[in-house]
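Note that chain A is present in both complexes that follow, paired respectively with chain B and with chain C.
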Partner chain A sequence: MQLNKSKSIRQLLTAATSTLLAGTAQHVMAEEKIPWQVDSAFLYYAEKDRVTVLEPVAAVRKDLGDDEFIGVRLVFDSMSGASPNGAIPTDTAQTFTTPSGNSTFTTPAGETPLDDSYQDVRAALSGEWETPLDEHLKTVIGANYSTERDYSSVGLSANLAWDLNKRNTTLTTGISMSHDQVSAVGYIPVGLTAVPTQSGVQKSLQSMEESKDIKELLFGITQVIDPKTLLQFNITLADEQGYLTDPYKILSVLDNNGQLRANDPYIYEKRPDSRRRQAVYLKANHQFNTDVVQASYRYYQDDWGISSHTLNLHYRYELVGGRHYLQPHVRYYIQDKADFYHYSLQDNNIPTYASADYRLGDMSTTTLGLKYGLVLGEFHEFGARLESMKQQAEGDAPFPDNTAIIFQLNYSFLY
Partner chain B sequence: MKHMVLLTLLLLSILQTACSSMGVEPWQRGHLAKQKMQLDPYPIDAFLDEHIYFSKESSKGGSGLGGGGCGCN
Partner chain C sequence: MPPAAQALQVEQHDDYFCCRFQAMASPCEILIETADRQLAGQLGQLARDEAVRIEHKFSRYRDDNIVHQINHSHGTMVEVDDETADLLDYAGFCYELSEGLFDISSGVLGQAWRFDGHTAVPDSASIKQLLCYIGWDKVNWSRPWLALNDGMQIDLGGIGKEYAVDRVAGLVQQQTDCSVLINFGGDLYSSRARQTGKGWHIGIEQPEYTQSNKPMLANKLLEISSGGLATSGDARRHIIKDGQRYGHILNPLTGWPVVGAPCSVSVAAASCTEAGILATLAMLQGEQAEAFLDTQQVPYWVVR
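Then we have the complex of A and B:
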């Protein structure tokens, strides 16, 4: 009896120890098994006769267990090429000083003036930490920093997501703040003052550098409709304060005959020092058999007088075998101009604020693209996309079209 | 702003009425759990698009917070 009892205790202890050891071993293995998700991409963006951007991106995300995640993203931009300076084409050649003021460039008669001294490299680092606060509530805290020769930005964000109704409804709220520093080449000119037309002539300077502060709020709701349909609705509000002008952009000033005025034919642009933006956004995902359609619409407006509509549509078409897919993409954007947008100005009628930046004008953008994806395994995928983008004038201002090619390679894997 | 408020109220009321009768049971989430059915299935694609259109257009926001942070030309 005694022997049997001691034997059974020994058996129990052995079993318990084995279970414990096995559990520990499994735990250790589980910890070792959670890999890093690595997401990488290379973007080539090239505008016809204008800017070219090369942009490699690498992002990693780690599951820390218990629904906790950390993620880091690193981006480099290399930008070069020409950008419209805001002046209009004329029937004679025009000469401009570069932003540094040390050299000049000449635009032939009848052509839109493009400043080709533009070249910059930008690095951006961002990180986020996602953690549950309870069974139905999670938070994501993020930080980002970016720097380039004439601009730097630092920002923080916090999001809360609350699951309701068997996790079929998620309410989201978020806040973000950023502080940007503008340190332009050739310093910050006083808005609406004359642009030097000869190198070595000093422009009127406002300061060496300026800054702006941006605060944003988000309220959102995501709803599962049925096993194959998901809806998202967001509202975002933003408040920007500080230097919101582009220090490199200028305007042409015309005389009563419609010719460039003889004295000071160009002046620097000037935008208001505050901006309030609002956007509502609706997105729907639906799966047909194996294909997935994703459609979104955004209505945007701000107190600069700009309002816009954006439609975005992706259709993921699964090819035979389920490992390859093709994804056509259509995007259409149309905006009404800012109140202070002017194609050119009239002498003796200079407003308080003015910009000839076509991106503030009546215009539309149409993008057509196709992505090919090759699914190699769980979170192991290769993708390539090719898109064409065309921006064109939609109002009276006859600025030329801007067309661009977007080519991107993606590779995602577990490490 | 008036249009935005009206549109928001309309959408919220539709969602409010509809939400209680919509949704799925946990065992019906097979399709929804797939990467391709996530709201943002390819975050880098979305991030790069956001960067391009923020630089070339005058609108911002809607899909999320942040973006920008560049003196884009």
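Then we have the complex of A and C:
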């Protein structure tokens, strides 16, 4: 229209500018640097009197130019401490064998039995490759592998994102699959059979190793409402098949008097060998002048009877100077139990499936946290996050509260 | 009134000094690859003095300078000094070259458009009225004499900061052979490659709503060894009305914001001033910004 775009004005402009500046100008040498982004973090998670996790994470992401990226992420977890084995507290001391069957431990009267042989190291490696297929379509291909003493997992994923409406709308669809191998210490017991109460007594073994397969589908839409507001909506559908039981978890079996039955007072848990689950997720991001608020809600449901609601709220409060910020965080999670969740079982009334894992019970989790972020120079960022979490029973299952402290340091830079 | 002293901070880094000050409504810095604190301090002072001089001389927000005199001349002739005349010649040349898209008399449009995010789109009648006071072709410029029609104004804000960067570069290069980066609010100039053979690293900010997930890669990283780099555009200044986003780049020929303009355009060129003009002209091309820059065969980075 006005300026004919096929016409170069640059030579004329260079000459005129050179006259104005009396010859300061010189040859131009500028190019885009394509750096590595390096993210590192260290997480400390400690439950009161229970599990402690130390988790270092390192990730690199490289911009290959033309909107193509590759990324690799490495995570180590070191877990130690005690975890509830599923048995209920009683008026007298209780003795249990450890999963290996080689030793026993005793829980004092009135206390929730915790198996303190819980100790493991996990390493996880994942990679992804993001590449545009055309101007409005991109794909992300990912793979991951993790391994620990009694568990390993390998997975693949592929996502497609399609930009519409001048990039104000993005439709996403994805598929992921994983194959997990479960190989418990002391092998895999037959579900609902007796737990040995003395060391050296053999339990009924189902196998040395079991596996499960998970397939997941994702559909999503992301909409820019205005330049400061973003809405995201996702649906995920998943199907799990195989050994979904926790080979270490047990249940207490009570007699008609409400006491542990004399013979075989504990049995191994057993869960169905398939699960279908669905979740919807809605997230809104809004930026005020400098502050950013992010709110999300998730509804989850599966054919085990579990349903849950999760509310998450972050508020990023920019501190004076704009180089650092504070971000309070609130999360609330509430769950309805699985149909086969039982705090304990009744003698002569053993169902087909049963678990006393409190994570399948009626429960809620409340998390409060605060993060401090500091931008160091243009390409370095440091953060520290402290959160406290409380899990508690809802309804009539009287399992005790679990509280935890989470502390994370992270440092990111461009290299 | 003597110019108020602007605080100058001098910081030592690994292999360079950084001098910071505030001028032309922007954070300004000059990086000098030297271990000599005294030299760094001198160059910092030189840069600050020149930036403050140019701001005082050409800011349209002051009432004691040549621009104020011109804008309040009510149609009478004003005689200008050589430096002002050079800038007016240059602005006139850019007006011709861009067929009216670059116009230092378009500042009066600011009376109708306020880009503070509020939904206030002016009516076309008031814009039409303002267009009578816009157009370098309506100006009587015969060096060193300038006469504006009553009601017209000039604003050198569109080239002032870039011009200051290049002027400082010229002065600094008379004093030292060290590699120096001058950065006035994102408009910059590097005198030469650093001793490592590499350039200085510069980040280009991306629109903020995309930053929530990848805060750092969202900033493009540029390496500049020599020459100028200027950025036009600001993702934060806009109006939204009826779902249409109006950016803050106004077309002086229509009085309306350019449709389809990128969030920002960065251009590298031999000087910062030239880079700034090319970046501004590219913004004014709207959807065609990239095509225009391809034709000019300059390194550029467009954020949409």
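The rule is simple: the second predicted complex is superposed on the first by the 380 of 415 C-alpha atoms of A that agree within 3 Å, B and C clash if a C-alpha of one lies under 4 Å from a C-alpha of the other, contacts with A are read in each partner's own complex, and residues count from 1 in each chain.
We adopt the following convention: a residue touches a chain if its C-beta (ideal position, glycine included) is under 8 Å from a C-beta of that chain, and two chains touch if they have at least 3 such contacts.
Computed from a predicted model, the values in this text were never measured in an experiment.
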item: First (chain B), second (chain C), both or neither touched by A:125; value: neither
item: Which superposed partner A:285 touches (first chain B, second chain C, both, neither); value: both
item: Partner chain(s) touched by A:201 [first = chain B, second = chain C, both, neither]; value: neither
item: First (chain B), second (chain C), both or neither touched by A:35; value: second
item: Partner chain(s) touched by A:224 [first = chain B, second = chain C, both, neither]; value: both
item: First (chain B), second (chain C), both or neither touched by A:414; value: second
item: Which of chain B and chain C A:141 touches, first, second, both or neither; value: neither
item: Touched partner set for A:376, first chain B, second chain C, both or neither; value: neither
item: Superposed model, chain A: greater residue contact from chain B or chain C; value: B
item: Residues of chain A contacting chain B in one complex and chain C in the other; value: 167, 224, 226-228, 230, 285, 287, 292, 294, 379
item: Chain C contact footprint on chain A (complex, rising order); value: 2-3, 5-10, 12-14, 16-22, 24-35, 37, 61, 63, 69, 167, 224, 226-230, 285, 287, 292, 294, 378-379, 381, 412-414
item: In the complex with chain A, residue positions of chain C that touch it; value: 86-87, 89-90, 93-94, 97-101, 163, 166-167, 169-170, 173, 190, 193, 199, 201, 203, 207-209, 212, 214-217, 219-229, 235, 238, 240, 245, 253, 268-271, 273-274, 277-278, 281, 284-285, 288, 291-292, 295-299, 301, 304
item: Residue ranges of chain A touching chain B (in the complex, touch as defined); value: 39-41, 43, 45, 51, 55, 57, 59, 73, 77, 79, 83, 118, 122, 124, 142, 144, 146, 148, 150-151, 153, 155, 157, 159, 165-169, 174-176, 178, 180, 182, 184, 214, 216, 218, 221-228, 230-238, 246, 248, 277-283, 285, 287, 292, 294, 296, 298-302, 304, 306, 308, 310, 316, 333, 335, 338, 359-360, 365, 371, 379, 383, 385, 389, 391, 402, 406, 408, 410
item: Contact set on chain B toward chain A in their complex; value: 1, 3-4, 7-8, 11-12, 15, 18-20, 22-26, 28-32, 35-39, 41-45, 47-48, 51-53, 56-66, 68-71, 73
